[in-house]
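Going in written order, the chains are labelled A, B, C, D and E, and every chain counts its residues from 1.
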Amino acid sequence: MKYLLETEKLSAGYGAMEVFWDLSLTFEAGRTTTIVGPNGAGKSTFLKTLMGLIEPRAGDIRFKGQSYVKEPTWNRINDGLVMIPEGRLLFSDLSVEENLIMGAYPKKTRKSMEKNRDHVFQLFPRLKERRNQEAGTLSGGEAQMLAIGRGLMEEPEICLVDEPSLGLSPVMTNEIFSIFRELKEDKMTIVLVEQNTNQALKIADHVYLMQAGKVTLSEPREAVDLQRLEDLYFARTA
Amino acid sequence: MELTAQAIFTGLLMGGFYGLVAVGLALVFGTMKVINLAHGELVLLAAYIAYAVESQTGINPLLAMPIAMAVVIAASLITFYLTNKIKKDRELNSLILTFGLGIVLTNGLLMVFSADIYSTQSAWFMEGLVIADSLFSMRSEMLAFVVGLCALGGLYWWLNHTWHGRAIRSVSSNRDAAKLMGMNPTKAELWSWAIAGVLAALAGVMLYVTSVIHPPIGHSLTIKAFIITVLAGMGSIPGVLVGALMIGVIEGLTTTFFQSSLSELASMTVFLLVLLVMPSGLFGKKAGH
Amino acid sequence: ANFVIGEHTPLSGKLARVGTGSHRGVMTGIKVLNDKYAGQHTFELKTIDDESSPAKAVSAVEKLASEGVIAFSGGYASGVIGPASEAANKANIPYITFGGVATALSQRGHEGFFRINSAAGYGKALVGLVDEMALKSVSIAYSNKEATHKMAGYIEKKLNEKGLKVSTHEYDAHVKDFKSIVNKIKLRDRSEAIVMVGYESEYVGILRAAKLLKPDVKAMIGVWSLATGKMAKEFPDLMENVYGTAMLPFPVSFNSPKQKLFYEAFKTNFKDEPSYLEQFGYVQTRLLGEAIVRAFDKNELNLKGIADELRKTDEETISGRVRFDEHGDNPEFVQRVGQHQKGKIPLVWPASSKTGEKVFPGTPWQ
Amino acid sequence: MNIKISALMLGVMYLGVPFFLGDNDYLIGLVASALIIAGVAVAWALLGNLGGMVSFGHAAFFGVGAYTSAVLTMDYGVPVFVALVVGGVGASLSSIFMMPALRLRGPYFALAILAYAEIFKILATEATGLTGGAGGLLSIPSLPVFAGVDFGTKLGGYIVILNIVTLMLITYYFIRRSSYGLALKAMHDSELATRIVGVPATYLKVVMLLVSAFMTGAVGAFNAHYINFLEPDYAFSGTWTVFPIVAAIFGGYRTLSGPVLGALFIYLVDQLVFKNLIPQGHQLILGVMLAGMIILSPSGLLPVITNLFTRKKADNKRGEAQHA
Amino acid sequence: MLKVENLSVNFGGVRALQDVSFEVQTHEVLGLVGPNGAGKTTSFNVLSGTVRPTAGSVTYEGHDILKSSMHQRVTFGIGRTFQIPQPMHELSVRENLIVAQRFGRPDGKVKQERIDEILESVNLLHKAEADAATELALTERKALEVAKALATEPTLLMLDEVLAGLETTSKKLFMQTLKNIREKYSLSMIVIEHDIETIMNMCDRVVVFNFGKVIADGDPEETFRNPEVVRSYTGEVPA
């Protein structure tokens, strides 16, 4: 088993529209892979498909060598495949603390729930301050922190992260990336989708560029040149 | 004074029972946004099972509880299974579905048990219970009240302190997010319908031992339960308790100091006033941003 | 000849219980008619469930009319009977009933509208009983339905005229708990008797509450649906000493040939004990049948012919004497009163019909 | 498509029904009864679909309209046709009491209206002087002879209710087509989003409530003169809420003709078919049919019918699937 | 043209805004920045009428707008976007704009060319017939927010993080579009963004919030050098 997670000729879409097709990507254990790409390229859709929130049209997903396409989302979570979604897929009428507690739903994480919660509170003191506030009334940035915190409560083995810096202040963005850097050092496998290319590349081991439903570049971080990447982006928009 | 005390006492007992009837509906409503218009009929079904068991075997109708639960849980799960088949406009379409099932149940009961009225034969339940020489109730009413409080309390604890309970609340809050926490939403919903079945069975047997049953009351039970659920605020258990007791006491007081035929008027008026001041019910969360 | 009689009755919906009872009486009537005229005439009954709804009763009448029925036996509750008999009138078909006692029904000038009972008959019985008890004060608890509302008003008025102190308590049919009402009677009215004007499940509720609170009254009295064998069997501990209107005692000692005829026919058909509902249904159908035969013999089988013949009726039936005045009402109608006594219901009022002595004072808890 | 079906339906109702069933009072009566439910269903759907407000209390308007018209004709000698309109106006006026409920949403609104309906019913029972109390009103005047036609007959009544329903459908159609219709549609799930672009949401809701109440009231008034009888339990019966809702959703409440088709279908099938199958308890089959139908065709009856007309069409959509 | 004075908002115990005052001049672009939860969105909510302040006053072109209803404010010329996009459900993208034009403009006229022009400018023309609620990617939903606000033809446009999540190139293009629109229709704007570069590029002036208070107000370059701002917000001195 070379790769922790891989896809083979994966296709998915909504209704009559095909968003991406024949995607074969690989994610190595313990490493951080960054997927960048213009808006609407299908990055979020790809992550959701990996999680089983969207049913693929064709192709295969393999986790630890096992085919995963038929596996329901909740089993993937229990196996350690976790996603921190973009936007706010929060439990908006539950309190901040309850949201975090729900992150510890997978059986193996329940024991360490309190420890993890305190850790998250330490990372995001604002959440601790607002632990009894309804999640739906949080500010945009606070909600983002909560989504990240809740994801960490799930003790991921591999974590798919969709635009974590969205709506965060510059200080907070730095904070987030240093958290991911630490996780990476703790050997967590990370798949990061991010528009903040600059920051994202700093922690990446491997980079994919996704454009209009296709991977147009796949290179180890060392080989990627920021300028070239931007040019490639531009090639589409021009 | 004595009148007032008795009126409030009667009202509280009544309210406890109302709460028991309403809470199953509130649970399903809170978790799936499905208004189970057959809920009252499920309660009634349990009551008829208690009747059937008592009249066939002569044993205490409370002992019919296991059978009542088994049947009502099964019925509740069938309802769940069917509502789950509706993929579009579930909130509205489930109205039709459960309304249809309610009709089926009412008419089924009518065919099997005829339109006669029934009540328990066991005199024990009707014995008086006198508190402080001046507050009167039947044993069965006190029993129903206690069962109601325990059921509500237990459910509240379960929803807030067990993983199953929390899962139910999460699924109702955001299905996709719940999946991402490793929950199987369908399983969680199945649980809440099964528990609604348990609660309906409890309520039904209590109904049978406290009062008289005949087929058309299923519908009025549904309406009462629904009113209390909305008064409570979407799926709030403390809200159900407070709302039910409030309605019970208002009815008791109006009957005593005006007349019974105005008690509905009074409770509806209070219901409206509460909603106009608190548009999401007594314990409802504010409707989003 | 073959005579087709139409019937609309509530077999489902709110009034299913009484509708079913009435329907069984009507069927018994048809059976007896067929036996009597075997070889000459046949009677056929077409029944439609009106689901306790006026609109559906109207379409039932219209449907049956279009299928050629020559008369209607039908209905329950004045609110349903009103529009249904209106439709029968439009179709020029006579209509006989016992299910609606609202006065207005017979004041519409319908030539073919007949009913064998009247509110006054029930009222007279209750007032007579109370009078005989020589009470000073009475509380009336009544349902806010049409018939009960009117009936309570009638009793109140009559008792007031006799100088009794009367308090009234209107309740809603949906009410589940009667303790508050009974408690008011106990602590505030302090009446000597409670009169209940309502329906079965409400009687059970009131009696239970009374048994619990034990107001200091001498008698518990109800109108229809109370002094029945069913109630005696289902709620023995609640019914003891309770009064209610009845035509016949329970268990019925069917002595006269007329009574026997009904009882046997009913028993073979339904394997059950008849109640007043069955009796009324039976009587109205039989009277109608006889009138039809007479009209047929005169070759006048139409609205006018049947109505004329009905108006000539004057018969001692198992529900008492029946004749019809110009409005189609039965001025002779008087109810009797029975009292639950150890599972039996002897008639205790009027003196002329007595089959037992009343236990007075007496309540279920005394 | 929907419009075509509506037109076809109206054609059948105006020409076919009188021609084939005209002399069968029973059948015409059934269809008229179904149309009464259809009328309330259309009014309900208008509020539910365009106003985004599901009401559980349309019986309130039905009852108020009925009593207004009955009392006016009986005690004040107002001509019946005028009274029908005034009945609608009366229902609209009664809806003013409900305006505070407009700030409620979803089930909260639905049940608040139900509470109003209950309150109205009790008031009608208690206001004995005006309404005859629980005893109700008997011998309410029938529809009159007008321009030489006796509208008091079954057929006459049928024509009147058919016209009422048609007018309602036309009104519905024009409201829906207007830009108000768009805004109303948008308000459904996203009231905030519509207010923030300047839509006076409350005002639009008020208008819809008034219109829907008027329509329901007029139908209720018609019914009073058609059945010649009223009592509070009947006039404010939950049936006048439940059956129209069921009919509207069943038929397809987001469509124009759905509620009418739904009402006709449910009422007629139940009365003509099921009732003959099981004389007592035929509603059991109705229940099964409702449940089954809604699972099989969640958008209601109309799509099923539409599909019958336009067999295939959907198959052309798959084309884009192959890219590689 | 807009004057906010001594505004305070409390949510239970949370004091989201405390005694906040600021102004926007005609044709000015004001940046609103500050840490997460500082109260930026809340102040938009007060201005547009979704939140009622506990104290304070707001005047817009002479109107005391706190007294006006939400839709009246739109006709006065205040348009806004939501941080979490709020499309009108059940309508297509184009229909969203039709409603906005019809009800947002004082004269209630709907001009198709104008709608096309707006869609073009936010790069949504190709999605005009798509279902607004379900068929758009995150950034497309944000673009629709802007388009809807523009369709009401505002004089003051309030943008809440509409550029967040856009790739660098699109961000630049979009910024340019906004600038053009501002020139063409002579708009004033209030912009909430967390990207310092964007703020510097677009804004004439910035107001910095922290814990519900205004801690700085002035020229962007200068303000971003203010040590308090750096400590609480930017974290590093911008290049």
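Assume contacts are C-beta pairs under 8 Å (C-beta built on N, C-alpha and C of every residue); 3 or more make two chains touch, one makes a residue touch a chain.
Note that this is a predicted model, so its numbers are computed, not measured.
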Chain separated most widely from chain A, comparing mean CA positions: C
Chain whose Cα centroid lies at the greatest distance from that of chain B: E
Euclidean distance of C-alpha centroids - chain A vs chain D, Å: 51
Length of the line joining the C-alpha centres of chain A and chain C, rounded to whole Å: 76
Distance between the centres, which are taken as Cα means, of chain E and chain B, whole angstrom: 47
Contacts with two or more other chains, residues of chain C listed in rising order: 12, 144
Where chain B touches two or more other chains at once, by residue number: 107, 110, 261, 264, 289
For chain A, residues that touch 2 or more chains besides their own: 17, 137
Chain C to chain B touching residues, read off their complex: 12-14, 16-17, 19-20, 144, 169-172, 174-177, 179-181, 183-184, 187-188, 200-201, 204-205, 208, 211-213, 230, 234-235, 237
Residue ranges of chain A touching chain E (in the complex, touch as defined): 14-15, 17, 36-40, 44, 86-88, 126, 130, 133, 137-142, 144-145, 163, 166-174, 195, 197, 230, 233-234, 237
Parts of chain A lying in touch with chain B, wherever the complex brings them together: 51-53, 72-74, 77-78, 82-83, 85, 89-94, 98, 101-103, 105-106, 110, 134, 136-137, 150, 154
Residues of chain B that touch chain D when the two form their complex: 29, 35, 82, 85-89, 92-93, 95-97, 99-104, 106-108, 110-111, 219, 223, 226-227, 230, 234, 261-262, 264-265, 268-269, 271-272, 275-276, 279-281, 287, 289
For the chain E and chain D complex, residues of the former touching the latter: 48-50, 69-71, 74-75, 79-80, 82, 86-91, 95-96, 98-100, 102-105, 110, 133, 148-149, 151-152
